[in-house]
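Quick one: this structure, given as structure tokens, is what I'll be asking you about.
When the chains are written out, they are named A, B, C and D in that same order, and each has its own residue count from 1.
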Amino acid sequence: MTAAPLARRAAAEFLGTGLLVTVVVGSGIAAETLTRDPGLRLLENALATAAGLAVLILVFGPVSGGHFNPVISLADWWLGRRDSTGLGAAAFTAYVPAQVGGAIAGAVLANAMYDEPLVAWSDHQRSGGGVWLGEIVATAGLLLVVVALARSGRAGHTAWAVGAYIGSAYWFTSSTSFANPAVTVGRAVTDTFAGIAPGSVGGFVLAQLLGGVLGVALSAVLYPRTGADVDDLVIPQYDVPTERH
Amino acid sequence: MTAAPLARRAAAEFLGTGLLVTVVVGSGIAAETLTRDPGLRLLENALATAAGLAVLILVFGPVSGGHFNPVISLADWWLGRRDSTGLGAAAFTAYVPAQVGGAIAGAVLANAMYDEPLVAWSDHQRSGGGVWLGEIVATAGLLLVVVALARSGRAGHTAWAVGAYIGSAYWFTSSTSFANPAVTVGRAVTDTFAGIAPGSVGGFVLAQLLGGVLGVALSAVLYPRTGADVDDLVIPQYDVPTERH
Amino acid sequence: MTAAPLARRAAAEFLGTGLLVTVVVGSGIAAETLTRDPGLRLLENALATAAGLAVLILVFGPVSGGHFNPVISLADWWLGRRDSTGLGAAAFTAYVPAQVGGAIAGAVLANAMYDEPLVAWSDHQRSGGGVWLGEIVATAGLLLVVVALARSGRAGHTAWAVGAYIGSAYWFTSSTSFANPAVTVGRAVTDTFAGIAPGSVGGFVLAQLLGGVLGVALSAVLYPRTGADVDDLVIPQYDVPTERH
Amino acid sequence: MTAAPLARRAAAEFLGTGLLVTVVVGSGIAAETLTRDPGLRLLENALATAAGLAVLILVFGPVSGGHFNPVISLADWWLGRRDSTGLGAAAFTAYVPAQVGGAIAGAVLANAMYDEPLVAWSDHQRSGGGVWLGEIVATAGLLLVVVALARSGRAGHTAWAVGAYIGSAYWFTSSTSFANPAVTVGRAVTDTFAGIAPGSVGGFVLAQLLGGVLGVALSAVLYPRTGADVDDLVIPQYDVPTERH
């Protein structure tokens, strides 16, 4: 089968990452408005994100792989670089701007739905050693989930597993598990529950990259390559209808 | 295999849409009665709706497609109109009244179970630009889920994915995601938690139709037609026992 | 393949129904002890029951069908009576006492874990037209789920669908959806959150039987028999290792 | 297919058990910090644990079986001892220290993320007849789930079923269902929500062993051996890429 044209794949990454940020920010605003207990707010935000993320991977996975995350795209390129499986360099350079642009657009959409200023810097400081460690753990775990399922031929579980993982990691990591540089940037432009102050973005992204390296390293130990085609991350593009040329 | 007779399919749409509204309205009444925190009420309502909707699609899908929603039936007709797949015009004109009638009956049933007046106009005003935008987003996303899964040959995921999507969209959209004209009408006849004032119905339905068009357009970009049979929306009627003629 | 011996099937019904009541009563006691908001108590109880019930059907389904419910056993017998599929009369008369005995034992076990009196009549009155209507709806819906999935060849979904259905029905029915005469009897012997006063048991059981008849009738309309083997309810006994004779 | 080398399998048990304890302890700290209602804290902890545990079994299952639990490893050895299926004695003696060491490391990691002392004895006393009975029930049920699914050829359900089971058992057992000696030891070194006083560990472990024996006995009654290969517990190692020698 043929992969979808790059423009369509990039559009899927733009839309998917955008809607993911809409889910995170929008449900955060609703939780903050409707609920008093801070833990219950986080629970509402986590459940909406877990369910929404799983569905978005199901919807966009066959088109673009459903990465929505520069760290996953980077890992996909790295793991497949030797035998030209995985994401090519051209695709990688198209995916990342689509993800970041989509994330910002998704935050703007959430702000618009809730009559918040369309763009507003968050003043929610998120930093410190414990929090950065949380973000390393969160991202390493995410990569482990994605690579393990792909390399063991069980990518059909990926969408629900990634949703469940992130829903859990909202709670077990001290950073509430952003685990995604594009989403982190998008969350900087909303001054609401899920926001992150621009000054905290750099530390988060650095921790996410470290976590990504750790996650890929752990995956390589647990699921070493064997020559079998265990390449494209997340959803193999098995069923994509493509245009005839 | 043969589709079920139209009368039986319409009966399935009547029952399914009806029970969906019973789930939404009934769980809303229970939440309002038992819980104080407004966010927790919405969480209870959202979880009951997500689980109930998934099960209803599983139950009625093989008979009628499990639409329960005029916007989905309209999209099914539109997407299959060229090659006579999808819903025919006769079926469409049977489905929509069944859905609307079922929705009203379902609200009456919920009112009856909770000893509320069987029919009472809601006085819950729901309007404004942000809310209508929410309803556009909610409906576009719903169509995207349904069409993407059908066109990529993964309709086996549709029931759980639609349940998860709506549960999430209760939170991330500012309108709590009605996303369904029939259900909107049904929710007008109960003066309880999930109700909507009759004067707000028109704006919601218009927004839902716009969202439906947007969702179909996005789906067509992401999953263009290829001539393969990727037609009937939601649950393909693969396993339906049909009467012999 | 051969069905398991009747004694083992009855043991599975005893254990499964017992553990189901342990889940319902035990989680109810924990919720009542730990939480103040009545709706949050019900949510905790509903989530524990939904997850626990799904798992119990997975565990015991291949041995006995995972009925845990005289109304389901009755429907299984009735629907298969003409062509000797479904539950035989001998099995039916073994299943029901196992279910009722298990339910009582399960309540005793929950009481014991929480240092409650091992047997205590509940003083929780549950009656009235709205509540009985709720119980009719709850049981009709349960039968519809079970029969529809069996007759459309999708019994692999039954365990999770029944769990999700009951979790939802805790909320959308006014009776909190007992939907099971054996469980109703078991819940009479615990004076805790999930209890039901002995004087309310009769009305509930009657409503459940009416709901069962309604559910079977609706199923027969939606999924008429076709001569294909669409018989044993819940989990087909496809994979059961049986002793060699 | 060949099993992964023992060192890699033990590493998977170390990592998996460690991350499981990180999930339990970390989400407990977050719940305690953010939420006031004790039941809501337990709900947050239970949902994070259920989702996280399911994902960890998916991730590590193909490498090591995803036991994370000495009682499961013991049962795997015992059930397969006659015909050399299941865990060998050498593997068993590698698994248990990996699990216990991982559990302690996982608690330290959670403490570190939340800026708690890296190691601190819990002062949370957990003992008494009702609580020990709870732990017996919790562990017996866990073994029943794992063995029943393996012996009926449905190990593909195991990850989600075990997650759902433990999430439910947090609520229906009076002990909040530790059900795992390694995790119990790990939870002794954190003085936070999920901790257990060192003096309570012995009673819990004893109850877990009794529960394990009971669970295996019940499984053997319900799913007697038939000579078919129904051996390795949890996730059969069906898809593991292994190194070539």
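The rule is short, and it goes like this: contacts are C-beta pairs under 8 Å (C-beta built on N, C-alpha and C of every residue); 3 or more make two chains touch, one makes a residue touch a chain.
Note that this is a predicted model, so its numbers are computed, not measured.
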Interface composition of copies chain C and chain D: same or different, split at half:
different
Please identify the chain with the largest separation between its CA centroid and the CA centroid of chain B.
D
Chain A to chain C, mean C-alpha position gap in Å, rounds to 40
Averaged over CA atoms, how far is the centre of chain A from the centre of chain B? Could you give it in whole Å?
28
Send over the residues of chain B in touch with two or more other chains.
37, 40, 43, 47
For chain B, which residues are in contact with chain C within the complex?
8, 11-12, 15, 19, 22-27, 30-31, 33-37, 40-41, 43-45, 47-49, 51-52, 54-55, 58-60, 62-63, 109-110, 112-115, 163, 239-244
Can you list the chain A residues touching chain D in their complex?
37-40, 42-43, 47, 50, 128-131, 133-134, 137, 141, 144-145, 148-149, 151-154, 157, 161, 164-165, 167-175, 218, 221-226, 228, 230
